[in-house]
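Below: one structure, written as structure tokens.
Letters are used for the chains, namely A, B, C and D, taken in the order the chains are written, and counting of residues starts over at 1 for each.
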Amino acid sequence: MNAILLAHGPLRERVSAALTGFVYSNGGVIVAHDQYVDQERQRYFTRLEWRLDGFKIPRGDLADRLDEALRPFELRSVLFFSDVVPRIALFVSNLSHCLYDILGRWRSGEWRVDVPLVVSNHGGLADVARRFDVEFREFPITPDTKSDQERREIDLLRQKGVELVVLARYMQVVGHDLVAAFPDRILNIHHAFLPAFPGAKPYHAAYRRGVKIIGATSHYVTADLDAGPIVEQDVIRVSHATPVDEMIRLGRDLEKVVLARAVWMHLQRRVIVDEGRTVIFQ
Amino acid sequence: MNAILLAHGPLRERVSAALTGFVYSNGGVIVAHDQYVDQERQRYFTRLEWRLDGFKIPRGDLADRLDEALRPFELRSVLFFSDVVPRIALFVSNLSHCLYDILGRWRSGEWRVDVPLVVSNHGGLADVARRFDVEFREFPITPDTKSDQERREIDLLRQKGVELVVLARYMQVVGHDLVAAFPDRILNIHHAFLPAFPGAKPYHAAYRRGVKIIGATSHYVTADLDAGPIVEQDVIRVSHATPVDEMIRLGRDLEKVVLARAVWMHLQRRVIVDEGRTVIFQ
Amino acid sequence: MNAILLAHGPLRERVSAALTGFVYSNGGVIVAHDQYVDQERQRYFTRLEWRLDGFKIPRGDLADRLDEALRPFELRSVLFFSDVVPRIALFVSNLSHCLYDILGRWRSGEWRVDVPLVVSNHGGLADVARRFDVEFREFPITPDTKSDQERREIDLLRQKGVELVVLARYMQVVGHDLVAAFPDRILNIHHAFLPAFPGAKPYHAAYRRGVKIIGATSHYVTADLDAGPIVEQDVIRVSHATPVDEMIRLGRDLEKVVLARAVWMHLQRRVIVDEGRTVIFQ
Amino acid sequence: MNAILLAHGPLRERVSAALTGFVYSNGGVIVAHDQYVDQERQRYFTRLEWRLDGFKIPRGDLADRLDEALRPFELRSVLFFSDVVPRIALFVSNLSHCLYDILGRWRSGEWRVDVPLVVSNHGGLADVARRFDVEFREFPITPDTKSDQERREIDLLRQKGVELVVLARYMQVVGHDLVAAFPDRILNIHHAFLPAFPGAKPYHAAYRRGVKIIGATSHYVTADLDAGPIVEQDVIRVSHATPVDEMIRLGRDLEKVVLARAVWMHLQRRVIVDEGRTVIFQ
């Protein structure tokens, strides 16, 4: 079983040696140590993973002892344990390709994750959830009920112990309370190469503009629509001969793969968000 | 409802005009007409799709009448009708990512197709088939039983009206009888960028060679292993820091997307096989 | 020697047969016939290339005779002859990578083209032009002189018989008169994946937004800055660890390749512009 | 001015801290520190770059002092100084695209490098060298003269202080003596996606096999033809409609970009060769 530390802060001399020294001197074996230095802003980012078998500090004390060790370096850090299976909730509307894809990755054992809940503003995909034996909860949303419904969603997510919310082609703008309840823990897939074609119907806009490449973008959701920190993007070539419905078809594969990569990176504890951008340790 | 003609043969003057003339003069409306001329070999390939509403020739007579019209041009042709839902069988062993992917595309309505059957040499993926309400048939294969088992598979495929066999990471070399029973109608996915790394364990071989890009290849199965006509390939970038198990993980997404594209192209009647190569009308 | 016809207009029955019939009945041999039908707008686009050896219509009469034959179909067409070597002018400022690239393609014989002229608003790249034995003309531009200078440039371009103007990282907005003098015949390279990051300093903007992929776009110049019909785009993957100056470095290769592909397509007479978009016959 | 250390060896505890400690304790400022651990083989690779202004150890003593500090860790290391301009020689035959490309990068100042010499087995590209004011030396090679000629080439390369030999589409197999004289310091570009299509005429082979993607590979030259450690690869999509001469045309851009990236990585001291594979710090 491993501990994984994500940390970032100002670049200080010997911060790296302090981190590895902490592990070595307590009997840990480092299995991965990724670092990134933003030279321009003189900031340090790291992901450190080490084996806890035989580690001298008890698991319950580890966060405190790390805090203590890192205090002089002013790092912000989060600690994870590899034996904790992350719990994610999927939000969908009526497009099912990302939903099928993620549920398949879960049930096939490709992802070590739990999916206790699918939330939707429609009932249309209840059957898909049933097929995969996962609870499906419908929260119809109107401008009037939105705020109340999202409060209920937040309660449910907490009650289910959900750590990450995945908007798997969820056709609703997420409200401020929900965003605030899961900061940097809601992943969206937008069906365009952001910042090109934000908002609705990006494939139609791409067609009209005559672009030769279309894309998809997975990003953390912030209060500012389609402007959150980007985790993953990918593209595919099109031509004048690609009508909008063919773009939509091609885009589905792009969307599901890009979203899956972003969720994977998050769950592997490889993403740090800093000032609207992501640092991702591959 | 549309008719779709795939035809190829020697390049002759006015062959294109003869084809479109046949449609126009019988009251058809052309919705797609793709052509390709292999200048070096002076060969002509075409895919012609037209609406049958109000077409003067009855559907039952169409193939004969086309034969007659095309005889002077020595074209080999196949005729399809768009209201026939193609029936495909999936062959799997114990890797499920391509199986989940195709079953999801089917059940979500992304593909207009029927999947009456999943065949396996193991029982491991029976649960996946059950989840999607599709019949699962296990045919354990040993060197001794292979020939008999494949004969039973052929019977079953015919009985189910299967037109295309998809080897969705099926870990068996398909025997000659099965190949002969479904010429250019068995699609395989090989987890390498053919002709690089044919055979077993291509990701291990790719790692050892230190390539910077890995790939996947979908091809029709012929008597010659991994040498059949290629339908689709794609690649993904790796580095020295990508261990074999990470290649395998990354490769899964590549494999399922490449295989799905190949199956789609086949089902859209967009692929012509000629002398070991494919002509694909996008 | 070949004739190449680019034509487009409303989709009419038998337009394709009329075109090929015109060639065949006059003794021509078709070497390439590309067609595209925009089904939604019911428009027809074609590129037809045929050998003129033994063709019954004299070259001087060909345009008129074609007009006559195509009149019933209301096609807009342009006719080219493959023995005419196109003459292009390069506009540059102080970045030389696209300039070196295009001059190299010309002098190595990769492109069958003439480059009689390099125009710049600075003197900095005069040496590069000299190295390749091409005339270099400096037209310093201030807000006051711009209009006059561009008029002189237009005169010079006409006098040199220039057919296509290539803005090879030219750091000036081209004025309306120059655009009007070369409609759909000025190709620009923008160092971003349009419509993302139009305007100045796109790499800086891309860095700030934290995109995971950057791009380059070659488009025809219209009165509307960075909004002209796109001919070619391509992208390259970056990460959080790619600083702006590294994006600029990586972008250079992207820019020169994307611009070269666009120029090549134009010179091969493979591009038709229609309602702000391009149809490109590969 | 910076020092750059490339080092690799067995993975030992605190090796990273020892390296950074050496720099810090002598007054250096680290500007880049890349590390890679091959977990399977328990090997450590690093690239460390630091500013030498105010560094306590004189430049002349640095290599020795580093050796001393690293001895307990059994690292193999090479030290570079950023103010030394690397000298490279280009070997060509009669294809000029890579030659133009590299000479352009040099003369435009994109690369901080010296190119004192172009070597060829033909006289055909002498003009290109002259255009860029670089010495051109012709060494005609026959089976009989090969060994002697290469010995002369080695002498010339040494006399010119050449550190890296770039085979820029050089159509000769390099002999053992030349390879031995420049171990891991001869970069070749092969016009295929190795290990697919080694040897002569790879585009023809790719066409015959009907692949949907073609590639180029830059690798260090070893005694084993086309089997040296790969530095960079890239690919481009083709189709049934891409004839061999079009592959050759498309391939040129691929070849020149892939070769240029490999040379750049080498010159940035970002490549470590280990057991037939490369570790590349991006």
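Heads up, the rule we're going with is that a residue touches a chain if its C-beta (ideal position, glycine included) is under 8 Å from a C-beta of that chain, and two chains touch if they have at least 3 such contacts.
Note that the structure is predicted; figures quoted are calculated from it, not measured.
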Of A-C and A-D, pair with higher C-beta contact tally: A-C
Listed pair (B-C, C-D or B-D) duplicating the A-B contact set, over half by residue number: C-D
Whole-Å gap between the CA centroids of subunit A and subunit C: 42
Per-residue multi-chain contacts in subunit B, two or more chains: 39, 241, 282
Interfacial residue positions of subunit A with respect to subunit D in the complex: 13-14, 16-17, 20-21, 24, 31-33, 35, 37, 39, 237
Touching residues on subunit D, where the partner in the complex is subunit B: 36, 39-40, 193-197, 208-213, 215, 229-235, 239-241, 243, 276-280, 282
Parts of subunit C lying in touch with subunit D, wherever the complex brings them together: 96-97, 100-101, 104-105, 107-108, 110, 128, 131-132, 241, 249, 252-253, 257, 260-261, 282
